[in-house]
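Going by the order they are written in, the chains are A, B, C and D; count residues from 1 in each one.
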């Protein structure tokens, strides 16, 4: 029922942040990564929320973007994943990386997330895969990177990977093959786009 | 508990609209027809709401008028129709047309609505018929048309139909017979009031 | 959780009133007598509320005074009386008269209330009697009458009855005996305090 | 979901206080000790709250400090202690004294609290002990005393006890031994720090 809360960041506590709107302080559970991305206490924030209603509890789970919130909502639709487990997962992976992992059947990346075992990782891939459209995922990641580019705090790896996939797609390869091929390039942290593109192309030619 | 929410139309999302009141954004499920009738995002809106409370959910269903909301509340009293099914139905028919269909035992019109099968259509007619007073329905439809006349975006068909029924009633026929007779006039979209009135009269004389 | 709602009286509907606070319109079920005592729509009102939470419903029951609300809360503690039945009862009797009826074991007056049968009337007396202190009830009724005196719209009968009981108590009779004696004076509407006092005294002397 | 409510103290009723924020009055159950520590009705207050959600109830329990609220939250995690029992307990002991009692295995002090029997007292000690870090408890108590010192309304006994424990710890004794030794000094109300320290030292030497 509550889509977001806009107000003063009143407190950052160990397990929740508190946002005050009109004299009411709201406890909001957020991913572990969020406090580091928040402005200082006292500033105005807008937190996109999911209201979790149970017989004995009514709590808010919050995210900095609607995109992260929608990934969270997708995760909790997966049988066996509750809000706390989904929050734990999204504390350790961005929404885009999780989508890429699902699209690339990357069980290893998903089961490495806290509270997510191998079986649940497979269920996530099975249940979410057909809900995710690759080009949409692609576009949303790139648009964020462009925004991030200006703030120059984008993760370099993400940029190199996307440039390479983008180039392969423009050469006519399907996004999925491009994604898998780029994914298989090792030690991507220490290579530039061109090298990554060449190695990915070699893998595609061998397919 | 929440009768309406008055605030800024913050977002129109695929399945909900978001209205902000005092820093809190509220998710409101609305009929598919509503987004098209809303002002632009950022404008002030007043959405009449029904708060649906379940063991694991608390959500708002919203309508542009109290009249539409009251039709919705009637529908969800019908055994087997929940809020989402009622919303689906009211996305495809106006409250007035639904009332006319109930009063005219028009099972075909009702079962054509998404999520409403033949049995449910009959249940709607049986359970709602004695809650609807024909003249009230009539008056509410006409008063809306008059308002709509000024905004000249009223559905032409609705206007012709009501003029014909109004004329028949003034000739002494019961509203129900007038309604049924006018209903049976085919290809009403391409006929003017006079022709529709004549054809309806022929049917009434044959009764 | 919600003690009262202070805001604009937005609508008076057949079964609820709507009070708007900060852009949110709240549906509040009130006793049938309340709409008649409300200022005009658009005025500022303060409605004392009881929030009724059930598995599939969350609704507000409202009263013009905290005293009426506390009587309502007492009534719904009686086994078998829910909020709607209590509201129905308090639509037909003031909180003070109901307290007097309980203290005077007046089953007839209580079972005459809509939705309250003989058994429930007895349960109300049994379960509420020891929660009501006669002098408190007495005082609260009189203080209201004094307030009402200035607005000169107090019910005459209530005034005569209290004056007689007050006089008997000052003569040394217990409030309970005084109350019962005055209660037994017939056709009280058409008698002045003095006559009522004399007839009540005759009954007390016969005890 | 609601972390605190900041607004006007509207009413202090026998079992709840009412705080108004934006036209909504909120009923908040508070420990018996709180009304005495509140400013006058009409002043601005900030009450830290716990929202208790049950199938048929949604209520707020409130405290003047986040520290008291966190002690309350710890207590209701103990099997068999609900919000009302925890509130009753915290009406009769400060959060710090309760922590000291838990750390010093002081069953007598805990079972003396209303609604807490011997078994529950032991459960409180067993379940909370490893959640409490002695130095943190120590520091929080001392920092409060220092604050209280300036308002000179600190409980004298608390001051003497902490000074003695502080001194013993600086002499190299573990906080636990120091706490237990000081706890065993009788008639502490009528002794100064030095005497208490000497008697506690004698007990430690005998250990």
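Operating definition for what follows: contacts are C-beta pairs under 8 Å (C-beta built on N, C-alpha and C of every residue); 3 or more make two chains touch, one makes a residue touch a chain.
Since we're looking at a predicted model, the values are computed, not measured.
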| item | value |
| --- | --- |
| Chains contacting each of subunit A and subunit B, listed by label | none |
| Taking each chain's C-alpha mean as its centre, the one farthest from subunit C | A |
| Proportion of interface numbers common to subunit C and subunit D (over half same, under half different) | different |
| Rounded Å distance, subunit B centre to subunit D centre (Cα mean) | 59 |
| Euclidean distance of C-alpha centroids - subunit B vs subunit C, Å | 42 |
| Residues within subunit A bordering two or more other chains | 22, 51, 54-55, 58 |
| Contacting chain pairs - touch in the sense defined above | A-B, A-D, B-C, C-D |
| Residues of subunit A defined as touching subunit D within the complex | 10-11, 16, 18, 20, 22-27, 51, 54-60 |
| Footprint of subunit D on subunit C - complex, ascending | 1-7, 21-22, 51, 53-55, 58 |
